[in-house]
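Note that the chains take the letters A, B, C and D in the order they are written out, and that residue 1 is the start of every chain.
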Amino acid sequence: MTANAVFSWLVVALAKSAVLLLVTLTVVAYLSWFERKLVAHIQSRLGPYRVGPHGLLQPLADGIKFLFKEDPTPAGVDRFVYFAAPFVSLGLAMSAIAVIPFGPPDAQIEVFGHRTGLAVANLNIGLPFLFAITALGVYGIALAGWASNNKYALMGGLRSAAQMVSYELALTLSVVGVLLQAGSFNLNEIVASQDGRWLGFVPRWFFFPQVVGFFCFFTAAIAETNRSPFDLPEAESELVAGFHTEYASFKFAMFFIAEYTSMVIVSCLATLLFFGGWQSPFPEGRWFAWTAYLPNLALLGGGVLLLLDGLRYHRRGKRIALALLGVILLGAAWLCLAPETNRILQGPFWFLAKLFFFLFVYVWIRGTLPRFRYDQLMSFGWKVLLPLSLANALGTSLLVVLRQP
Amino acid sequence: MLVLEHLWIILALPLLGAALNGLFGARWPKRWVDAVAVGSTGAAMLAALELWREFASLPAAQVPWVKSYFPWMVAGSFRADFALQVDQLAIVMLLVVTGVGWLIHIYATGYMAGQGGYYRFFAFLNLFMFFMLLLAMAANFSLLFVGWEGVGLCSYLLIGFYFLRQSAADAGKKAFIVNRIGDFGFLLAIFLIFRTFGTTDFGPVFTAVGQQPAENSFGVITAIALLLFAGAVGKSAQLPLYVWLPDAMEGPTPVSALIHAATMVAAGVYMVARCGDIFVHAPAAMTVVAVTGCLTAFYAATIGLVQTDIKRVLAYSTISQLGYMFLACGVGAFAMGIFHLMTHAFFKALLFLAAGSAIHALAGEQDLRRMGGLRAKIPWTYRTMLMGTLAIAGAPLFSGFFSKDAILWQAYASGHTALWLLALAAALLTAFYMFRLVFLAFHGAPRFEEHAVHLHESPPNMIAPLVVLAVLSVAGGWMAAPVLWGGPNYFEEYLAPVFTRAATVAPRLMPAGEQAHALELLMTGVAVAMAAVGFFVAWWFYIRQPQRPDKLAEQFRAPYTLLLNKYYVDELYGALFVRPLAWLSDQVLWQWADVKLIDGAVNGLAATARDLGGSLRRMQSGNTRSYAAWVILGAAAITTFVYLLVR
Amino acid sequence: MTLDAVLFFVFGGIAVAAAVALILLRHPIHSALALIVVMAALAVLYLLQGAEFVAAVQIIVYAGAIMVLFVFVIMLLNAAREERTNLSRAARYLGVPVAVLLTAELAYLVWHASSANPSQAAGRTDVTRPLALMLFRDFVFPFELTSIVILIAILGALVLARKEP
Amino acid sequence: MPASWYLALSAILFGLGVVGFVFKRNIITIFMSIELMLNAVNLALVAFSRQLGELQGQVFVFFVIVVAAAEAAVGLAIILLIARNRQSLNVEDVDLLKL
């Protein structure tokens, strides 16, 4: 490739990464808000509602707080590692986003007269790449725990190292079934291979043949992201705050963002591998033509809701804000009526819908299940999840062998 | 074409069952073990039926249907694939094995209920099914031999199932060792085949044989045939290697029925039929086969006359029936041999199972002298037993009638009159001792204290297989019925494609035409008459004048004791082979060779090594890194050497 | 200077630097981190040579599992910086020159062993599929053997590391 | 990029591994130097496989990695034992092998 091509490719890639970074950060911020709200309502509390209407500005406030808090460095830490660890986790988590296709490769947008798909990079080995990232994710936590020279932190780090290594096996093996059926590592191709319908209406998502695999995958994924009920590395009841006990302000924020980002990534993976990625659950055909306008409907509904809710809100400033937001959404709904925009929107819309569903499940589980005991965690991982995913892989391979002539 | 494409399925099912039961059965409830064992064999049977269906639609050009799955052994010019083969012969074997095997599995769930090692029993039984099916479907001698040895192993394991009983353990060992002798011959035969034809695959070997003329002098093919037959003699308990089969009755009755009556012991016949192309090229070997078979048939029948253990009587009758099959093969009527194999599988399995049911009813009593009068108590067992007896005795229109008389007729028609006469006598004896068994066991007055053992008919899961087998042993031969009015024998016609080449090489000079048919009918009449005579003698002795047999025994004490002690063959073998061998291995091999030679050498080596080490150990500094340095020095030296080579 | 030449020198440089760091750093954790960097750099070099899957495995297994084990053990044993002791005689007088010699010779040898002509397989796109076929067809026996090796290793590790009751 | 460069690089890495093997005192670090050598070998294998257009090289890389994993498991277990029994990770404290 010529220097010019390299350059333009580089520019576009950088631009896309930047956009993606911003989007991800926002999503993560609001994910935290969403989680707090949802858990609050599960426990019949209100959750944040002071800062902004419905506490919508809470993430912003948190961010500011993170930035301006004092950032002490405890004595006797291993400085280099102590500072490197948060960067490691955040960097890895962010770089994983890059290979995730949010829409079909043919839905391309024009950037600087340079057509480009909806993913930053379309790797031949997208899935192994993601697993590699996940595999490296251990270091951030383990090293943080070790470096901060605090026995609770060390315990947290050790636990997370053991836990993540154990569940990584199940995570990888549970996907083997999908790989066998898709016959490719490329995420785009995996999604493409889920195209079509069984009996004309059941989408050919790998979830249906791979129920067991999906169960193993999602469980292992929750453990891999150290979320409840597997959040032992930061089990406050026993380890203060686990590996990030000694971390404050911005460095803590990095861990925080990294964790939520990995949640997002795992949900994206679940969507791509088991739920047909960006594909619409509705079959093609005349009867379902209207489903193309579901995104608009969603925006419209959201806008209307916000408007009504805003008009009933008790304080003026927030009333205006909400109403404005509603109007903006309505405007977006109108914009998306344009066929070109609509076409490009389809993929991302369904993708995000599924993604949102999984994030919801994440928070739901956290709000519902109690935390594991450590030995339970280990024995579950090794004695239940691993054999189950192995059996699943075996069964699938047998199926594939018998299927082919 | 599912099964036809994936022949291995039929094998995999019983193997899976064996694995599951063997691994987890110990912890499983009886229900599950039953489900796995019966289910796997039942599925195998269904697969076999499906295979039959699919095979029927196969063009004749593609028969035998061979599928090679992966190269199993490759050494120099030798190559044996894991290849399975299906032709009419194999189909018959598969159906018989899976069908009878399935029924016997069901029966066993009732018979073995509540016995120690229940799961172990079924694991072994399934494993046996696997090896038997492998034997039936193997496409080369090497794989055939695997199945051959496998069934032998399972037979050993199951004979010694009650391994706490010394006699059972010994019987198992005896079966194994006696079979070794035959297998040795078989192995030599395989080596010879490879040496002669450069392969062990059936197709090439048989075609290669087919191109040669039948050798009338003693040549390599005759040698091969005789060695193969040695293997068959061992496996199928023919003279002189039959001694293991009676003792094999130590095993549980279902085992005796499945392995030592229906399927495994018939493997020899199957193998001879499979290698028919080889045998027909060796007339001498054919004669040997025929004579051996015929002699065995008569000899075993005579012993059967006086035995008092119900299962041993059946065992000797099995030996003699196998003799009939070999007689058939020997006179070139391979199809007839297989036909008798099938019918025999039906009625002999039935007889064993019924006997087992009787033993079950009597709480383990096997001695005919302490039975009697069971007819009223266990009617179903009695009826089915009677069916089996009529079948084996060759009563008209029963399955045994068609197969056995066909064999007799073939023997006569192919001009072996002496053999025919002997076989006829054997038929008479057969009828006699079988009815003797029935009368002793089921008629007359009970000869056991009834209050001690409370009689009970067996549970339905034991009766049902009996009934099915009874139906089979009545109707199993009807596909040969048209012969009676000069029609074709459909079974023979079905198998014909397998034996066409053999038939062309050694055309059996069968008298054809009207008077031939009349003659055949006449012969049949004679055979039936013989059976009738046997029946009446038995009736006279054991119903009319029950005290008569003992009187006879008094009068002819010498022959009686001779028969009762089975011609003292075991003692003879013991004196001739066992004791000298024991002495040799004890005095020479152990005391001298092992202790003095081998141990001496080993200890000497050890001593030298110790001394060397003692002198060398001064080099050790114990510092790991200096060791590392030494290692690197070595590496560098080698690299330098290479470097000099390169430059 | 083509793109992958640049990449080669960059990442090769990183690898060598990290390897040197592995030797010079005094705390095992730092050495481990250095080694991880080496592995990552090597993974990139594999990518440059079109060995995508090997690169992925390199990261997943080597950096993601084996090195985690190392780090884990170091944390568990809470290993301290290694104290200075004088080299053992053999190591000093033998190790240094021999190691250098060895490196030089190896470099020379492989340099000459590899003919200068660039590869035919450079342009291969999808190596994963043929790789899998080769691994599971031609090398299936060694493959199964390695699985047994792993099993034995697991047992051995268990038996060794188990705390005596 | 001719393969010879990769090979030279692998040779250098291997040499560094050797040096670390001889000079480090901490058992774990020594062990890591061995891993470094293995990695160098892997690089050479990949380079050769690319140059010859054959995939055997990469297959062997897999085997090397597997063996390395097994070795790491057992080796670290042994190191654990040593540390437990003599409260030290210094090789020079482990010298009972001498006469």
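Methods note: a contact is a pair of C-beta atoms (placed from the backbone, for glycine too) under 8 Å apart; a residue touches a chain by one contact, two chains touch by 3 or more.
Keep in mind the model is a prediction, meaning the values are calculated, not measured.
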Remaining touching clusters (ignoring subunit C, no chains moved): A | B, D
{"item": "Distance between chain centroids, defined by C-alpha means - subunit C, subunit D (Å)", "value": "6"}
{"item": "Whole-Å gap between the CA centroids of subunit A and subunit B", "value": "65"}
{"item": "Geometric centre distance via CA averages, subunit D-subunit A, whole Å", "value": "37"}
{"item": "Whole-Å separation of chain centres (CA-atom averages), subunit A against subunit C", "value": "32"}
{"item": "Residue numbers of subunit B (touch at least two other chains)", "value": "621, 623, 625, 628-629, 632"}
{"item": "Where subunit D touches two or more other chains at once, by residue number", "value": "18, 22-23, 25, 92"}
{"item": "Touching pairs - complete list by chain label", "value": "A-C, B-C, B-D, C-D"}
{"item": "Residues of subunit B defined as touching subunit C within the complex", "value": "621, 623, 625-626, 628-630, 632-633, 635-636, 639-640, 642-643, 646"}
{"item": "Residues of subunit B that touch subunit D when the two form their complex", "value": "617-618, 620-625, 628-629, 632"}
{"item": "Residues of subunit D that touch subunit C when the two form their complex", "value": "1-20, 22-26, 28-29, 31-33, 35-36, 39, 42-44, 46-56, 58-59, 61-63, 65-74, 76-81, 83, 89-90, 92"}
{"item": "Of all residues in subunit C, those that touch subunit A in their complex", "value": "3, 27, 29-30, 33, 36, 43, 52-53, 55-57, 59-60, 63-65, 68-69, 71-72, 75-76, 78, 125-126, 128"}
{"item": "Parts of subunit D lying in touch with subunit B, wherever the complex brings them together", "value": "18, 21-23, 25, 30, 91-92, 94-99"}
